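Below is the structure I would like to discuss, written out as structure tokens.
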Amino acid sequence: MKREYRAERFANTFGPHASVLTLDDGDILATETLDSRGRNGLMETVAGPPNPLTGPFYVRGAEPGDTLAVDILSLRPNRAYGYCGTAVAQNVVDPAYVPNLPTRELATWEVDAAAGVATLTEPDTALGHLSLPLDPMLGCIGVAPRGQQAISSATSAEHGGNMDYRGHRQGVTALFPVFEPGALLFVGDGHAVQGDGEIVGMGIEISMDVELRVRVIKGQSINWPRGYTDEFLFAVGNARPLDQALQHATTELLTWLQEEHGLDPVGASILLGQCIAYDVGNVFDPAYTVVARIRRSLLP
Amino acid sequence: MKREYRAERFANTFGPHASVLTLDDGDILATETLDSRGRNGLMETVAGPPNPLTGPFYVRGAEPGDTLAVDILSLRPNRAYGYCGTAVAQNVVDPAYVPNLPTRELATWEVDAAAGVATLTEPDTALGHLSLPLDPMLGCIGVAPRGQQAISSATSAEHGGNMDYRGHRQGVTALFPVFEPGALLFVGDGHAVQGDGEIVGMGIEISMDVELRVRVIKGQSINWPRGYTDEFLFAVGNARPLDQALQHATTELLTWLQEEHGLDPVGASILLGQCIAYDVGNVFDPAYTVVARIRRSLLP
Amino acid sequence: MKREYRAERFANTFGPHASVLTLDDGDILATETLDSRGRNGLMETVAGPPNPLTGPFYVRGAEPGDTLAVDILSLRPNRAYGYCGTAVAQNVVDPAYVPNLPTRELATWEVDAAAGVATLTEPDTALGHLSLPLDPMLGCIGVAPRGQQAISSATSAEHGGNMDYRGHRQGVTALFPVFEPGALLFVGDGHAVQGDGEIVGMGIEISMDVELRVRVIKGQSINWPRGYTDEFLFAVGNARPLDQALQHATTELLTWLQEEHGLDPVGASILLGQCIAYDVGNVFDPAYTVVARIRRSLLP
Amino acid sequence: MKREYRAERFANTFGPHASVLTLDDGDILATETLDSRGRNGLMETVAGPPNPLTGPFYVRGAEPGDTLAVDILSLRPNRAYGYCGTAVAQNVVDPAYVPNLPTRELATWEVDAAAGVATLTEPDTALGHLSLPLDPMLGCIGVAPRGQQAISSATSAEHGGNMDYRGHRQGVTALFPVFEPGALLFVGDGHAVQGDGEIVGMGIEISMDVELRVRVIKGQSINWPRGYTDEFLFAVGNARPLDQALQHATTELLTWLQEEHGLDPVGASILLGQCIAYDVGNVFDPAYTVVARIRRSLLP
């Protein structure tokens, strides 16, 4: 069943908050996300930073120990105004280079969802009016965390959160461990475009119309967010330093291959050794994000 | 001019060693690399671990402060026997998962250079006789390091070294800072196939026939290895942790875009923020490798 | 004024929870802390893991942007039974050493608060009945975090939390940034003894009688927990990796010396360069803790 | 036997270089070290940066697989002029604080070895003429590295090197793994005073008269530098990030306690868990240094 939710209240933490809507297993949710500063498609400011979240959505039947599957059916910027940062983040360059970085200001982009391009409008740089193909994604997606915590929408952990992974785009199914009854799904922080690592601290930030299908996978317990497309399985690690994020992602993918895809420990090691791909989700947020991927056609 | 060199002696460090051959700027070098255990195309053991290196090659005209360009013209496995590890490395998984890893042994692959595939022959796992398309690369490539150091071919630094980056494949031009007269180029540790991160500590290890063109770029001083293909410019950072390797690579790419590609600081930040791609070279060697890439068509 | 509070309900997160008692600026609070498994001085289990916290205590007059000072007047184990872990944590040793670690079990200690010693009673090891002088400390101390977060008592951040720093002992004044009205002070996780780093994941865990004085420092805004004794000023950084925790602590101490102790930037650098001391608080919890200290007699 | 060596040539790498003097097992070596810029006690510049090393000294009988013991008998600054940096290093503070750091210049100290104090003479800061008690130490001490490497005297590894650990002071015995025949001992980079971490990149740098006794411990193979005083045993880890340096040091100390001090795995874990102390050697050099210590009186 398709459910529409026009967002009225927003959260700045992923936590065990009162839900805004209850969904059934299999429902399609059509809703909207605000930009990172709390503005909607009409450029009305209806919430404040950091990253106001739409939700939480209570998914009937989801219990701790289950997995919540979220099929990202459609992500569509719902206005023309996008913005991003003008300075690579200080933590992403050599410490000695920090004084050479430009001032952090905003660049603005004109986003044309119909044409599928974003065009740089300001400031005036050697890039001129650079145009980039849209590749919309959700910077924030996740559920209520473990242990009744309420964790800022500026960061991420086992529950997902502000992962700023550009693989969270249309056509992907994202999987999250369920820690609270109903899972309590939140989404927000849409980007029309983003590079690996979100190294200026922003993608092209914009409000979006979003369609998601929610499904409950009973009795499947996972440790970290996972996901898949037609081509790839992936596992996500959120932590600092990058090394630890990569350890989490690799361990989760190794586990998955053995528990559900028929691989033995040696086979899983050989396969990942020669065929794994890593994505750097973000290296800007308090917790960094690394994704480990494997091509599905390689699985037995 | 094309120069052939049949390798007779090998080095286990990148250092200011006596050269095995002198090349002119623009020469094409046809030579061979041993596998990581010192065996050639006839499976004769002619050197010992770690990663015996072919070279060094003295390139006439290269002086400290210049850049050495190495066009990788051809990499071709020159025998059928390849091998890789059977266990993901202990540092790549969560510490609590370490006891679950399988024993480190060798898997063997039959490498068919004509057909362009590698086929797993042993051990017997759920992968069966998995076949993978060849994508040959050089695990070790670099020059004599800064300050008369001799650095093991097991690791990497500003001079290149054992970067185990699968982007060092045919069709790529690799650039290195010159620290010693003649640059002193070394190559070795060929892999027929390798996943991101070299997480079993090996690619499909094999000896190779190699063709490289060397060129001296006078007066161009770089801090870290760089490179390019028709599609991408890339910069390499070698360090631990991954965070620092990423800082080095990002800083080098930012610098390059501004010094040679006409970008101002703000333009370079905006472009990389929305368009940079990161590759995880290796997360196994003492120094890890991260590569920052940008599509050349995006440059002004 | 002295206020007694017999703990009845406990929290497992540092968060904006309803307070259990309101204190006035300058009040002395006499209360108790449970052990890490929720047992009190009578060995009754009255709460569950992780680290059940006593509080929160609302301190009248404390507003966001102020600092809460907590004078640790007395920490006294209130029973004889203490326990610790038997295995160094997996993340604290080289990955290759992990399989050599013993199984995680519990060692038990007889704690004699009157005599001031803890004596190992089990298991039977080459240590025999090792006796150690008591040095009681609070593993958990802090306030409600920034942005209405509720953060697990297993970890730490700007608000303090589970820092497991053995400098949080009797005679110390601990300072915390105030993020919520009333500050909302929590304490817990007492250790009779602990080594640097809490590397078996536990000190000698025990319930305690605790006396603290709370004071509000109006208008003093700090970024990270600070503290002082008669001899030292210290600043605390909580993060992973250790490098980042050390950066936070160093930055906070540098700032403090300049804002309140009359040092100019160059003087502060020279002084810290030649006289700073670092303590490793813990390297076990999700966020590690590093403390930067300077001897007060060296200040102008 | 006591051997004097007036230094004439110097090395900038720890490597398998021709020795300057051969010592017998048990010999006392009286020599001198230059300051980090290559000046001797007469302020003559006789070598260049980085950290010119006195040595190597060939110790008869030392073979790969043995341990070299170096008793630091006396370290005495041999001139009045000392210098240090005026700015905390960029990598030691939060990236956002980097632009607030002062410029890197030199502060000068008058070092009075007879009186045992160093007094700040310039620049003019709020510290005035701060006087500090001398605590002379060797920033560089170590042997030729593994595998015929030559490693810069700016950094450190298993062979020791530029560890900048202020525990390498008079009264300490330092132990190094032997990788080359004769061990090839090097010393240099004396500091009259230094804080933990060497966070301005320098101690109070000065030339010194040095007395060391060398001893060969046959057949004792160690992985990382160790050492002891009357009070403590310690093990050293050199790596980045700090987390890895700490892992190396902890693993080495755990191993030592079990191999030579009669502790079983559980006993060693319990003891270190409640009694280990960590020192931050340096957080400035390319490899950081962490030292793990245990009080000898606690050993069975």
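Note that the chains are named A, B, C and D in the order they appear, and that numbering of residues resets to 1 at the start of each chain.
In this text, a residue touches a chain if its C-beta (ideal position, glycine included) is under 8 Å from a C-beta of that chain, and two chains touch if they have at least 3 such contacts.
In this text, all values refer to a predicted model and were calculated from it rather than measured experimentally.
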* Structure fact -> In terms of CA centroids, furthest away from chain B sits chain C
* Result of counting contacting C-beta pairs for B-C and A-B, higher pair -> A-B
* **Centre-of-Cα separation between chain D and chain B, whole angstrom** => 34
* Could you put a whole-Å number on the gap between the CA centroids of chain A and chain B? => 32
* Distance between chain centroids, defined by C-alpha means - chain B, chain C (Å) -> 47
* To do: Would you mind listing the residues of chain B that make contact with two or more other chains?
  => 91, 95, 240-241, 243
* chain A contact footprint on chain C (complex, rising order) -> 12-13, 15, 50, 146-152, 239-241, 243-244
* Tell me, which parts of chain C touch chain B in their complex? -> 89-91, 95-96, 98-99, 241
* Structure fact -> Note: in the complex, chain B contacts chain A through residues 84-88, 91-95, 97, 100-102, 107, 120, 123, 125-128, 130, 132, 193-204, 240-243, 246-248, 250-251, 254, 262-280, 283, 288, 298, 300
